[in-house]
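Each of the two complexes below includes chain A, the first together with chain B, the second together with chain C.
And now, the complex of A and B:
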């Protein structure tokens, strides 16, 4: 057999296997939402008739509207604040150079490698002293300034044509108007990619909300699902139904912004 | 006069743009980090802390759960990161071939696991890896195993399950970084090498790998940090215990338990968290050294 053709076949086989393994758990999740827990544990891979029963159990166990609203508030407010604060900083670090700020930026990159575990205890003490434990403010604030996203915006700003800024200055715009009316529209791919990354991180955030959101009515869907999973005999039908609902928002955002996401990533790595 | 006014407004604007981020990072990152370093030298329960010198560090050396957690974290790191980086590179190189059909489809499929939350996929994996579950059934049908494996009940297989789960979740994410970097490589270099008769594996070894080195280094460092902070998956796959019998407990999980489950000992848990900081610092430094060393050899 032709070796080039054989290699080609191997590549397709490898990629198909990888794609199958990547997608199968999604299929499993959706099928699982329609099956009873006992059938799921027995490995049934065909749709069943328990969808409505699972939905009923889920909505009876979880105050879904409230919990999803909590998740949405935290994720949307957190994402919007992160994008504003971090893009301002990324733009500022790149456009206005000073020796002190370059040193500060280098320090931030060093901090990037410090794990969250090292801040978690003092952060919790800080918020309990400020009497903010169990509030959305506490859940959102520490996530707003993201070094990774600042770095990402600074890298992307390197590709922002400085002629545009000069032209806008001649037209009489001040620095803030330039940022709002020139930079933000031009960089929309970068914003789209950052939106995907930050929204997913916020929607799926677990450890900090687990520590700081303590009463059931303030918890996010991620926390509630986790609590239900660790039951001694979890009801997988109901759980996988909840998992489908919890995964939908990130899936929708991903597919809506996917094209821009790839563009945005390419822009940042260049 | 006008010139100095302009320079001053540049200076002020330069600070104003970065100020919100700097204030927030100072408050919610730098201050807690410095505080936790201070805490790590204190002993006592709850907020009744007193200076204990190196007492916490001595306690570390005699704490069997800490040593277990350290070994487990290293096991996850040493086994999982190389597997994931290799797979991600392999997929990226395969998908970078512009004559390949269904590229977009493959790319989206392999990236898809990243959109699931750590909790969602823990639930999915927990149900798939049940004793009578789909994974055991498939393996038995293929005659790969004779009797079902107790995936989450056995100390060894529990580690394997966690490694499989993390690899599933993060390979596509790393692949996207490599794909982006590969698309910036000038194609004519490959054309020239092919015309000169350089075989495919040699093109991969001597062209692709060296050119991707900065990205590989970046993703390796990020993955190292991620693995050393491992928490969500272990917490959820093992029902918050790191079991069976501490066989999957990680450093982050132990810190969480020390702070929020057992009698809170903030000082000691801060000490454990600084072990992670030190390990990350040392490993990142070593990775940079290795990367530089290779460059010297190849030139």
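And now, the complex of A and C:
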């Protein structure tokens, strides 16, 4: 047997297995949305006819327009703010030299190791004293300065040609204008990749919104889905239908930005 | 320090008034509206809504806002964070808490919950429920659903193997193992399904003997706990006799018995709705008293789960809430009949058994007066002190189960449970 062929076959087999493992949960989710709860428990893996029944139950149980709107506001506003704040920070960290720059940056990275649960109580006290509990402001603000995204932008900025900045300076642009008219367009792949990461994180954010959003009409879809799973007799069909809906926005954003995402991840600057 | 924080608060308040005006309205309930946190829309949610409607009918100025959009874990996380943060803003007036975690809240957050035994006669409720939320002589909860256990079984399988209902009356777990072996021989069905991450069966065995993981002073009661030892031995017997269908997770657990793969389900009464959801199995099910441990002091009655209503001290509607508890939850028998029929909720009001619904027989369970039976067992459940670290010890027990079912030494396992739990409790 041809060893090259054999190796190739092995690689394909492994990749197929990996693909199956990644794709099956999605398949299961979509199939589940079309089956009745009892069939799902029985482990039925073929499409069923309960899609409309599940949809009807879902919309009857959940105030979907309101809940999805809440999620959308938090995710979109949160993503926009995070990108602005964190990319500015990343740009600043790379562009401006200072004696304490590296120490400050190291400190930031160190902060990454503090689990969110440890900050929750003091954060809650802060927002409670600021009378912001149960507002979207409280849900969004703590995520806006994302250390990971600052780090990501700083790394990407390393590839930003300093000649461009110098040229812009000679043309008379100030630092804000350079950032706005030169840096941002050049780094669009980085922004695209960051958008996907941040949007997903915001859309799926669970713990903090759970604590700080208190009334039912302010909750996000992630919180509502979690509550549906814990019923004594969960309706899995309805639940999976809701999960499909909740997955759609991230999916759409990903496909829209997919090409740029790959570029961004590779650190390409055009 | 206090001065500092008040001034800081005031400054922030002023500075941020502008922001809060444009943001969504705060969560605090309006006067006369009693807010309640529950975790299951169909069960405790709708039950509380109905209770609220009954009260509002007589007292139109008091309305209810029942929020069922958080899971039980979520409610715990929120409650804990806020009580730790010392902020009661947005907390409900009434919150539902599972009995086995009640002591943890009462002891960790003194003053957070309102003592109710001064204003409400607790003797009308099942004693074990009241005991679960009693601290230093005061009771802090109005008992809701009971987790009174029964041995749900497939009467058709048992019959095929030659057993009648009488053969399951007042038996021990050891006898159940023998029955299970006969049933398996005749029908090929496993006796029961067990999830090794769930210590429910072990706990109900232990409580049937009036024992729990802790001594009166809160110290661990593991290595010298005869009931726990017996329970672990019994658990191992199920596996050694090859009578278990192993499952993982709630869906698989309920799936195994709703699909007819096992012969019996020892479980709390709240499972009734799940079992009865399969209408095609009507008449094929029956309920026997839960088996007892083969030891002195163990009875054929126990408990699994169940929860109670707690009134937060921060509530602005305490008087109304207490009056509501008194008139509906501690007094309205018709209400208890209704929630039993509609939602299969077995409440903890002892006199409810005198009502029509409790006396009725159920065709699904072969025409037996199942509710009357459950309420008889309810009164017999031994009271235990669930302590503050039940969840920690549960985890330690679950960690030893794989060894135990393979015939591991039980005393060594008890020691290991003790050590792990001890570590967790520090």
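Going forward, the second predicted complex is superposed on the first by the 267 of 270 C-alpha atoms of A that agree within 3 Å, B and C clash if a C-alpha of one lies under 4 Å from a C-alpha of the other, contacts with A are read in each partner's own complex, and residues count from 1 in each chain.
In this text, a contact is a pair of C-beta atoms (placed from the backbone, for glycine too) under 8 Å apart; a residue touches a chain by one contact, two chains touch by 3 or more.
Just so it is clear, the model here is predicted, and its values are computed rather than measured.
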Chain B and chain C placed together on chain A: clash or fit? clash
Task = Would you sort A:233 into first (chain B), second (chain C), both or neither based on which partner it touches?
result = second
Notebook entry, point to check: With the two structures laid over each other on chain A, which partner does A:116 touch: chain B (first), chain C (second), both, or neither?
Noted result: first
Review point. Where does A:124 make contact in the superposed view: on chain B (first), on chain C (second), on both, or on neither?
Key: both
Once the structures are superposed on A, label A:134 by its partner contacts, choosing first (chain B), second (chain C), both or neither. second
| message | Applying the document's definition of touch, where does A:61 land relative to chain B and chain C: first, second, both, or neither? | response | second
After lining up the shared chain so the two structures overlap, which partner does A:214 touch, if you call chain B first and chain C second: first, second, both or neither? second
Could you tell me if A:181 is touching chain B, chain C, both of them or neither one (first, second, both, neither)? neither
Message: Output check: A:11 vs chain B and chain C. Expected answer is one of first, second, both, neither. What do you get?
response: first
Discussion item. Going by the contact rule set out at the top, does A:27 touch chain B (first), chain C (second), both, or neither?
Written reply: neither
Counting residues of chain A touched by each of chain B and chain C, the higher count belongs to B
The only stretch of chain C that collides with chain B once the two complexes are overlaid, out of 134-142, 242-250, 278-286 or 332-340, is 242-250
Chain A residues where the chain B and chain C footprints coincide 40-43, 120-122, 124-125, 207, 211, 226, 229-230, 234, 236
The chain C residues in contact with chain A across the complex are 8-9, 12-13, 16-17, 19-20, 23-27, 39-43, 67-74, 77-78, 81-82, 84-87, 89-90, 250-252, 254-255, 258-259, 270, 273-274, 277-278
Within the complex, chain B is touched by chain A residues 7, 11, 14-16, 18-19, 21-23, 25-26, 28-29, 32, 40-43, 45, 84-86, 88-89, 91-93, 95-98, 101, 104, 108, 111, 113-126, 141-142, 144-145, 147, 150, 175, 179, 200, 203-204, 206-207, 211, 222, 225-226, 229-230, 234, 236, 239-240, 243, 246-247, 250-251, 254, 258, 262, 265-266, 268-270
The answer for chain A against chain C in the complex is residues 38, 40-43, 61, 120-122, 124-125, 128-137, 207, 210-211, 214-216, 218-219, 223-224, 226-227, 229-234, 236
Touching chain A in the complex, chain B uses residues 9-11, 13-18, 20-22, 24-25, 28-33, 35-36, 39, 47, 87, 90-91, 94-95, 97, 100, 105-106, 108-128, 130, 132-138, 168, 172, 176-177, 180-181, 183-184, 200, 215, 221, 225, 228-229, 231-232, 235-236, 239-240, 251-252, 255-256, 259-260, 266, 269-270, 272-274, 276-277, 280-281, 284
